[in-house]
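The following pair of complexes shares a single chain, subunit A, combined with subunit B in the former and subunit C in the latter.
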Partner chain A sequence: MTEFKKIEENLKTEATRLLKEGLVTVVLAYGKGFDENHPMPYAAKTIADVENIVFNEYCNYNMARYLVRYPQGTKIAIAVKAADSRAVIQLIQEEKVKRENLVILGIPVQGMKNPKTGEIIDSKTTCGMYNPVLYDLLLGEEVHGAKSASPYDVLAEYEKMDKEARWEFWKKEFDKCIRCYACRKACPMCYCDPCFIDQSKPKWADKAPQSPGNMMYHLTRFHHLAGRCIDCGECSRACPVDIPLYLFHKKVAKECEEMFNQAAGMSIEDKPVLVDFRVEDSDKILE
Partner chain B sequence: MSFEPKILGIACNWCTYTGADLAGTTRLKYPQNLRVVRVMCSSRINPSFIFRAFQLGADGVLVGGCHPGDCHYNTGNLYARRRLATTKKILEFAGFEPGRLRVEWISASEGNKFAEVVAEFTAQIRNLGPQAKLKIQE
Partner chain C sequence: MSRIGVFVCHCGLNIAKTVRVSELAEFAATLPDVVVARDYKFMCSTPGQEMIQHDIKKYNLDRVIVTACSPLMHENTFRKVIENAGLNQYLLTIVNIREQVSWVTSDIEEGTAKSKALLNGAVYRARLLAPLTSRVIDVNPDVMVIGAGIAGIQAALELANTGKKVYLVEKNSTIGGHMAQFDKTFPTLDCSACILTPKMDNVLQHKNISMLTYCEVTEVKGYVGNFDITIKQKARYVDHSKCNACLACTEKCPGKGISEWDESLVKRKAIYIPFPQAVPQKPIIDKNSCTYFLKGKCRLCEKVCEQKAIDFEQQDSFINVKVGAVIVATGYDLMDTKPLVQYGYGKYPGVYNALEVERLFNSAGPTAGKVTQRDGKEPQSIAILHCIGSRDKNYHEHCSRVCCMYSLKFAHLFKEKTSADVYQFYIDMRAAGKGYEEFYNRLLEENVKFIRGKGARVTQSTEEPGRLIVEAEDTITSKFMKLPVDMVVLSPAIVPRADYKDIARLFNLSTDKQGFFMERHPKIAPLSTMSEGIFIAGVCQGPKDIPDTVAQALGAAAEALTIVVKDKMELEATTAMVNPASCCGCQNCVRVCPYGAPAFNYEKRVSEINEALCKGCGLCASVCPSSAIIARHFTNEQVLAEMEGLMEF
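Coming up: the complex of A and B.
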């Protein structure tokens, strides 16, 4: 099992060293919240800040979300779990951050929990990997031999539904949406300014939290994340009305992998699949 | 009243739109259910155009572009192919009929193919019936 306390110590040691040596101006990690189960995203900028850093099984936030907030060129250290490291890779592919400006502190971890439900989230609502894909330093023991489930296993019961049932299911879910945009705020890949849904010329959809606008927001958002979503599951955990957005994102990711033979955020050499093509792509995908 | 499908066509300027013109000048008959919007290239098509068309009451959307390899901008339709395939998958997983969106490569000289595709697609949409899922109800 993952030794959370050990990782927290290592995180503090590395953060102190990096800040003291002036190698980075900020360390993106986790800080104390109002209780144990609710740590917060935390940016340590001084050595004094470091003591506030925590790490436990509720540190779900994908800190890659905060990378784009700093001007290009800022030297940043970032703590990443497996899915988070994929988000960093994806942001590098999209030229939002440069590899050389980052110190990536990898955290291999097993047994992360959803603070709302207490349930283990490893492959259900997240990508099912335990070890970061890209890192400079590893802050804990690599996870070996853990039962690896496909991140797409949870889709099985939804893939069995027929078309009408799927429509009913999603319509009901999207009708619950209150358009707080917490999903967008939590997502490392949602960095557009302005977001299409906030534009008024053209106005793509109604801003009121009603059926048609909700539908437009979500369908378009799924499209904008196609081939880019790295399956961290943060959108679903951020949602106050528990819409299982992760199911839709996983399904789109699965289809993209099948069509284009590439998963999001696995290599900084890749190009995002929708800003790329192969001459030999088949017209079959259009059927 | 019998159902007359409303179909939005989005055609690229250099191939499909010119092909549609050719169908017209050669006096080919095809169903009048299609209303065509011209764009410079199939890659100009934002997937939201398609979602929005369905919301505004289209029963079907037909996208036309140059054959792969023939795009006026060389590679526009190769990007469009990936993007529109994704659009279709998203509609499908949401429980919408993916058959209401169709993508066809029709060159400037294929007036015949244009007329055939429109006829076939119109028949298919007629079969599917009125599109009510995404359409905004007044």
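Coming up: the complex of A and C.
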């Protein structure tokens, strides 16, 4: 694997070139935070901004989150790791961004770390891929030969629980929720404005951080992300009270993949799976 | 504050038997905003209707709830009732306590409790209802008929005779359908061609019928009164506008294909007309058996054609047609009996299916009407096996309805044309049509042997090569029997067309377990479907004989006429709309709508709904993640209130 420092250099070189040649008006990448372990999402808009770009093992934000914030037609360069590239694909499928307006800077990488725990992020909380699925430029050598685990292996224990145990599990987890909505903010696929939970007519759930409202918020969000979650794990890392949101997302993604033979964000030719009818679709969902 | 009247119907004992109706009315009176609650034996009767209208005036009601049967039955009745009393028709709520309560329980406690819960929900929802205005749309006066068998032909002629323009779409290169394959029809034994071909010719000559043969529907857009249908004209490689039907081409053609029309019993040319009375009487080239298409040279037909009608470059083309109503009459297939290996169809040359036998009898068929087997010999003994794959839990549970009668017809024709012994193996004889029992009695006297027992197996005789053994249990004598015969005729289950799913999807039709198209209601709307403006006729709805098929076709024509006879029609006001401020631009609505009503406005980045196309099904509203879509009459607030009311119990 190409070293982080080298990737950072390549990122800076490409960002400078793209801005200089006027091919893009903004480069979405990572910038300095308050220390090494806490880089920040960063949008470089001028050549002078480029020197602030960093890339290290803590740059795990999914920059696809920021794509929908720019007006349609904005030419954007975006730095993406494997899961991030899937988010870009999913957004293209949903026509939130156009492929021709993007320059995708792919970063093949392994050994990303969670700044909070120092733990290596792998298939446990992300999709477990190392190489971007879609890119225009690759900023390092593709990772090959790395141990690849199924992103669904982590579900083994969860799936041992019966229906009642799962209900209890999530009730307990959601009771911790303080409704900061960091999960929603971090998620590249959560682009609704307004979010259903912020609406008052009808008021779908209580806004206070209490059990029934928390349950309604999270279960509905899970539901809205079914077949769309690209498993970057950012929601779980953003969560200040450590709710293992990735478990639910992975479980739904697994069922969806088994049922419809399509994983989210793997090809721009795909259609969003849950709103696409195919005659050969499984009827299992109706049983 | 609204003023609600609740009217509980007994429906005789239909409801009152398992719901305590007076208790339900007393309960209703205690609910918020309910100013009057009554129960009555038949709310749909004139006194019942007058009671509602009287109360609307007396109590100044602004909402009416009728707890009765399914809204499919009487919603329109009660809408008119309240409208005539000065209320907007959408301020009516029907609570279905018959189909969804009294008919599905025998426990009066349960029935009463569920009725109360449903009613409570309805009161909560009714308080939030808003008056709505129906939409008025223009109606296209033309009709399309899909399938030109006897059903399609009859419906098309009937409509055309009223002066309406009809597009008759047929997949094959000729109209006529299965009936044109038959020799005789039961029970009168009149010549099938003699009664069908005049109608086929009428279609050809009729100035109001546009006959689209060798065509398939590929896309259906629009809605009742304004369907926009795309039809694929499959390439015929013969320009029919130039062809003068001299058929010199078919004489010279060296190509050999399997004759679909003769049920694969013989070969036909690669350029051909299926049968002598085909309409249109003009050939097509079958690409799969044409020497030129297969090997790159030949073009003999082109050389002999004086009209220069042969066009090897012809491509599939697409025709766009706008109509106000559609009749689907796509007919049937026979079940493929090859998988039922016990009967040896496809394995033993002596085993035939019913349609093959129809062709053997037909003077225009492969044997010119002589009954000879595949080996050229006349059979000396013939067994006809009923119910092959039908009335059989392993394959198709339904009765195919016509097999008993055509099997009798076969027996008669075999007796007439050969000296063979004829045996019928039947489960029981179903002869429930006009003149059918008489026909059965006639056959009993024609020295046909009836064996009450289903044919269980057909094997090859080891002693006499080429002969077949039919094994069955004669259930009258309770004896197992083995009968040697020369020929076995299977009467296979009648099943929907192989492509029924495509048709169902194109026209949003639902199908029953077997794949036959579902009627809106088996008794009171047998030719309508759940898709407004789409009607069904003939065997695509379920197995039936020619008289029933023709009757249905006439009925469907009348139904279609009720739509296209008017220039304008009123549509339900229950459509969806988008609140652009909440739309997140995900386009889920655009993707799920079966009617193409929502479209994405790329400039404003929001979805917009074309109300003329919207059927009010609510799919878009349910997949909208930011609840930007409002389904009128079923708004989120209304539905949530109803659920709240339901869940109080």
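Note that in this section the second predicted complex is superposed on the first by the 282 of 287 C-alpha atoms of A that agree within 3 Å, B and C clash if a C-alpha of one lies under 4 Å from a C-alpha of the other, contacts with A are read in each partner's own complex, and residues count from 1 in each chain.
The rule we apply is simple: a contact is a pair of C-beta atoms (placed from the backbone, for glycine too) under 8 Å apart; a residue touches a chain by one contact, two chains touch by 3 or more.
What you see is a predicted model; the values in this text were computed from it and never measured.
A.B. asks: So if we stack both complexes on subunit A, do subunit B and subunit C clash, or do they fit?
C.D. replies: clash
A.B. asks: Quick check on the superposed pair: does A:K163 touch subunit B, subunit C, both, or neither? Answer first, second, both or neither.
C.D. replies: first
A.B. asks: Determine, under the contact definition given at the top, whether A:E94 touches first (subunit B), second (subunit C), both, or neither.
C.D. replies: second
A.B. asks: Would you check which partner chain A:F196 touches, where first means subunit B only, second means subunit C only, and both and neither mean what they say?
C.D. replies: both
A.B. asks: Check the contacts made with subunit A and report whether subunit B or subunit C touches more of its residues.
C.D. replies: Between subunit B and subunit C, B touches the greater number of residues in subunit A.
A.B. asks: Applying the document's definition of touch, where does A:A226 land relative to subunit B and subunit C: first, second, both, or neither?
C.D. replies: A:A226 contacts subunit B only, not subunit C.
A.B. asks: Under the stated touch criterion, which partner chain does A:Y181 make contact with: subunit B (first), subunit C (second), both, or neither?
C.D. replies: In the superposition, A:Y181 touches no partner, neither subunit B nor subunit C.
A.B. asks: Classify the contacts of A:V275 with the two partner chains as first (subunit B alone), second (subunit C alone), both, or neither.
C.D. replies: A:V275 sits against subunit B and subunit C alike.
A.B. asks: Can A:Y66 be said to touch subunit B (first), subunit C (second), both, or neither?
C.D. replies: Touch status of A:Y66: no partner.
A.B. asks: Pick the subunit C stretch that clashes with subunit B in the superposition, from 26-34, 98-106 or 332-340.
C.D. replies: The superposed arrangement places subunit C into subunit B at 98-106.
A.B. asks: Which subunit A residues contact subunit B in one complex and subunit C in the other?
C.D. replies: Residues 196, 204, 275-277, 279, which sit in both footprints.
A.B. asks: Enumerate the contact residues on subunit A facing subunit C in the complex.
C.D. replies: 72, 94-96, 191-196, 199, 201-202, 204, 224, 271-272, 275-277, 279
A.B. asks: Which residues of subunit B touch subunit A in the complex?
C.D. replies: 47-48, 51-52, 55, 68-69, 75, 78-79, 81-97, 103, 105, 133-134, 136
A.B. asks: So in the complex, the part of subunit C that touches subunit A is made up of which residues?
C.D. replies: My answer: residues 501, 505, 582, 584-588, 591-592, 600, 602, 605, 623, 625-627, 636-637, 640.
A.B. asks: Taking the complex as given, what residues does subunit A use to touch subunit B?
C.D. replies: Residues of subunit A touching subunit B: 163-171, 196, 204-205, 212, 215-216, 219-220, 222-223, 226-227, 248, 251-252, 255-256, 259-260, 273-279, 281, 283, 285-286.
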